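Alright, structures below, take your time with them.
Two complexes are shown next, each including chain A; its partner changes from chain B in the first to chain C in the second.
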Partner chain A sequence: MPAVLRSRLAPIGLLVVIIAAMTPLIAGSAFWLDNSVLVAIFSLLALSVGMAYGQAGILSMAPAAFGAIGAFATSIVTTRYGLSPLVGLALALLLPAVVAYPMARAITRLSPLPLSIATLLLSLVLELAIREGKGLTGGYIGISGIPPLWFADSVFAMHVLSWGLVVVVLFLYANLTDSAVGRAVKTARHDPLRATADGVNVPALLASYFAISASVSGLAGWLYAHHLTYMGPDSLTMHVSIKVVLMAVIGGASTLLGPVLGAAFLTLLTLYLPAAETQGMIFGGVLIFVLLVAPNGVLGTDWGKLIARRSDKQPMAVRPAATEGTA
Partner chain B sequence: MYELVEYLLRGALLGITYGLLAFPVSLLFSTTGSVDVALGAYAVLAVAVAYSIGGPVGILAAILATVFASFVVGIISLRLNRPGAVDHVTAVLGTFGLAMFLESLILSVFGTNPMIRQPFDTFWNIGGIRISPQTGINAAVCLVILTALFVVLRKTPFGRSMRASAANPVGASLNGIPVRQIWFATYLLGGLLAGVAGVLILYTTGADYSSAFTLTIWGFGSAIIFGMNSPLRGFAGGLIIGMVQALCSGYLPGAWATAIPLVVIFVVLSMGRMNQIVSTGGRV
Partner chain C sequence: MTVQVKDITVRFGGVTAVKDVSLKLPPGKIVAVIGPNGSGKSTLFNAITGMVKPAAGTIEVDDTRIDAMPPYRRIGLGLARTFQTPRFDPKVTVSEAVMCGFYPVHRTGVFSAMLRLPKAVAEEGDFRERCSDILDDLRLSEFRSLTMNELPMGRVRLVEVARAVANRPKYILLDEPAAGLEREEQRMLSREIRKLADRGVGVLLVEHNFGLIRELAEHVVVLKDGAKLLEGEPETIAKDRAFIDVYLGSAGR
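And then the complex of A and B:
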């Protein structure tokens, strides 16, 4: 097997092995299966942040907002119009991208700083729209009774389906990162002028990439809606977005498996945390700590080098521009 | 027509506090090129501390608390965003983490109740419009700060160093300007200004724990309307945002009144000057 292909597929293979090993252990427990589905959903959201932030350098503070667009799209077509969840899936993939692309392009030259503020604005506006869209989104009450997927009508089937989707997304993501487009994105992130000189239309490229990452969030929202069968204004809020960004950063936003690791870690951690109001302190604190110690995340940091440097008494080089991790 | 004038006046008076929040945004952006998302959280922290302690001691404690918070942010940001190795988005993410921390801290310690104090029972009557004398205090405080900032930035060596560090960090440090210390001082100054803004907000419109991000957005929006380069423009931007808000809540139904000013900021952002530099990787 060529080295390039191996390095691309190895992490995905590792994930498949881990999931396959975990499945028999948790298959009997509805509680752990349910959490496993949640980890998969958050993995998808975190992967969307990984794509936007880790690859393209666009810090989206709205992954949950894009997820909510997907979730509400499928909730509305399945409960109000009785359509198939597959129609919902198509909408959940399409609509977030349709919102994200013009948004990224409207920030004309697409500098990452204003765009991340713009995603914050999107989150706020969307939360308002959901609360006020009474006929469509159910307002404060939300939409309940969203049908489960007929092809995955048990928690176990959802577990298999959602992790299957994570693997598919990871595979496509790995391919994309390794393609001409992926390399162009990396160049555009680190040196837009150089990318332009190479003939890359930087704004269009980064906006498309951002739109694809929004689609991945939409996919997560679709799973979320059909798994929990309820979608309300408090389901996928900005606080979820913050948590998701944290997941991606902890694990390593520029790596393939980092976001998945971060999602698993934080979802499990949340199970054992005290009341919701203090969680922000813990998440905020952890985020700052990770940024200071290992800004590239657990999987994106070369730990051997870091420790060697520390023991040499040399100042640690903080290089925010991520070197590519292979994991 | 009379109604319109009233809305505009009320909006402008509301906008004074946004103008105060816009100062630190534009100051920090023009000095370090970064944005401190936690500004709104400092202001809410000031509101909460001044509310629970009360009186002049409370005001002092509130401003000390915000300066301390910005001290922490300054240290973190300098660690993340050193001259020469700059990644603004990571620094923004760091301030985002701190904003989340502060919001949760305020929620845990002070609870969910809205915090507001109305020190005046009597109102001024200007052409039939009842106005609290507090808005006069706000305007006076703001004018004093504006003047002081203008003098500091334009007339003192410190201000010149600040502007030099903004224009060319490497060149400035080669000329012996302590760029890191200047950046750090800018963070502290930002915290101080946000604290003052917070105290004024407590006595004007009030706030609760969840106001942090919205306040950041209003301050940020005010700062970008006329360009980030001068505190004076930020102040004018604050007045505009206040007026837009007042007009929207006067003429539009419920949620639109909140959403439209956000959309206005988005439009300004998409036309804005902030975009121009980064497209060429900072090499205009």
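And then the complex of A and C:
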């Protein structure tokens, strides 16, 4: 599909156009700008799930935990030590990867499920550590007074900055997917032995890829901390992780823009849902609906084919490759 | 400058699948391994590429001991292989599948790939060019944009070969490449194998089809119950009573 490969960056262009068209409409409203920043932050978290789950097949239940590592890193160095948020940014990118790599390295040898459980445990341990972190993390009270970014000190500037970062991440992600490494990751997800025969060190490659996805979460955490100027033990919890996984799956975890679409959809849905208690019910309902109708997510589904198949009511044609040749 | 397998023994629990088998694969030569089902051909193959661990024996590639190396490093040393049952992602296009074969020779790091530095662009372009050359060679160009599950079995096997030769290996191990191929496809495959050998690649062929072996191989190793029964030139082997009895039966003449 050379035509599609040449337009590898086309979805990113589409996103830029949408954001550019939307910006003047919401520029006057602090409420919508604020939500726009949140959608961008959740997009980054969901993209991290897209990389880990959609590409490498590792269902991580810890995107928010990696985000919390990034958020606390920048909160601590900026409030306690008075360092620049850029130092915080470097830490927010680095620390989640440093935690994610050995974890994945130890567990990708097994199967995706143990890694998924390990990420869940990481979330729990981290939440405990934050509560018990006393002076360092602020314990139950958290850290307030995190300085806003001096180069983006208004909500409008944050809106531009955070969407700019989403676009940069998408650009890097699209390039990586269409490279020897990206192809090897896809092969390894589908069939590790096949990837090994291609000369791929599967555990090391998947662990590196997982570490990169954790960095993207860390970046989201960095934005989150400087946007809300408060970071506490209830900020980026496991519930947020589950919501983020939902976003990625609903939008289409293996597609470029799917996680962004999912983040926008669920964030807007949350705004119009009456009470917090009903949210879980509706999220669950949406997830079941999507998994039944389009298990690859909204953008991961060939809708034309799906509708044609439904209306034909004909079974799918038997593929020639499905029949073994005569020996 | 050879692949040298010395006294390899592979055990699965109490079963000895391969027993004291030695074999030499010089560059530019085609060596065939033949034997009835369950004689240990594929196990020998897997031992050489590192997918199973031998209980005893040594394997050297160009005077480097490789029997303790993980499989991916052996591939990196220039030892490519195909699978008896082709392994592929059915949703990937033919050219994309062949592109996966370039992994061992890729030199751009993750970061230059992400930033699309000129180095990465040049390498990617080089791979695409080499990919279309390989597809041309195997007459697969017209199928390049089809996905793997749209291809007939014969072509799938050719794509597997294309993927294995992409990184220009020094030695290639083909596990029953002609199984399920039509006559025309078989001819194309054997011409391609010959071409590989002429280019200096050592080819180790596991095959049931003695006609193909006769046509291609310079040296044949016959396995029976995991042990080497005999070896020699195909013409001598074909006349050997012991070989005819265990393998071909009366139909073999």
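One rule holds in what follows: the second predicted complex is superposed on the first by the 305 of 327 C-alpha atoms of A that agree within 3 Å, B and C clash if a C-alpha of one lies under 4 Å from a C-alpha of the other, contacts with A are read in each partner's own complex, and residues count from 1 in each chain.
We adopt the following convention: a contact is a pair of C-beta atoms (placed from the backbone, for glycine too) under 8 Å apart; a residue touches a chain by one contact, two chains touch by 3 or more.
Since the model is a prediction, treat every value here as computed from it, not as a measurement.
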Task = With the two complexes superposed on chain A, say which partner A:202 touches: chain B (first), chain C (second), both, or neither.
result = both
Message = Going by the contact rule set out at the top, does A:212 touch chain B (first), chain C (second), both, or neither?
response = second
Request  = Scan A:179 for contacts with chain B and chain C and give back first, second, both or neither.
outcome  = second
Task = Kindly classify A:187 by the partners it touches after superposition: chain B alone (first), chain C alone (second), both, or neither?
result = second
Task = Check whether chain B or chain C contacts more residues of chain A in the superposed model.
result = B
Message = Under the contact rule defined above, give the chain A residues that sit at the interface with chain B and also at the interface with chain C.
response = 191, 193-194, 202, 319-321
Message = Could you list, by residue number, the parts of chain C that touch chain A in their complex?
response = 49, 51, 70-73, 75-76, 80-81, 83, 87-90, 92-93, 96, 99-104, 106, 108, 110, 113-116, 120, 123-124, 127, 145, 148-154, 156, 163, 167, 176, 179-181, 208
Request  = Could you please specify the touching residues of chain A with respect to chain B in the complex?
outcome  = 53, 57, 59, 61, 106-114, 116-118, 120-121, 124-125, 128-129, 131-132, 191-194, 202-203, 238, 242, 245-246, 249, 277-281, 283-285, 287-288, 291-292, 295, 318-321
Chain B residues within the chain A interface of the complex = 34-35, 37, 76, 79-82, 85, 87-90, 92-94, 96-105, 107-108, 213-214, 217, 220, 254-255, 258-259, 262-263, 265-266, 269-272, 274-281, 283
Ask   = How about chain A: which of its residues touch chain C in the complex?
value = 1-2, 172-173, 175-176, 178-184, 186-187, 190-191, 193-194, 196-202, 208, 212, 319-327
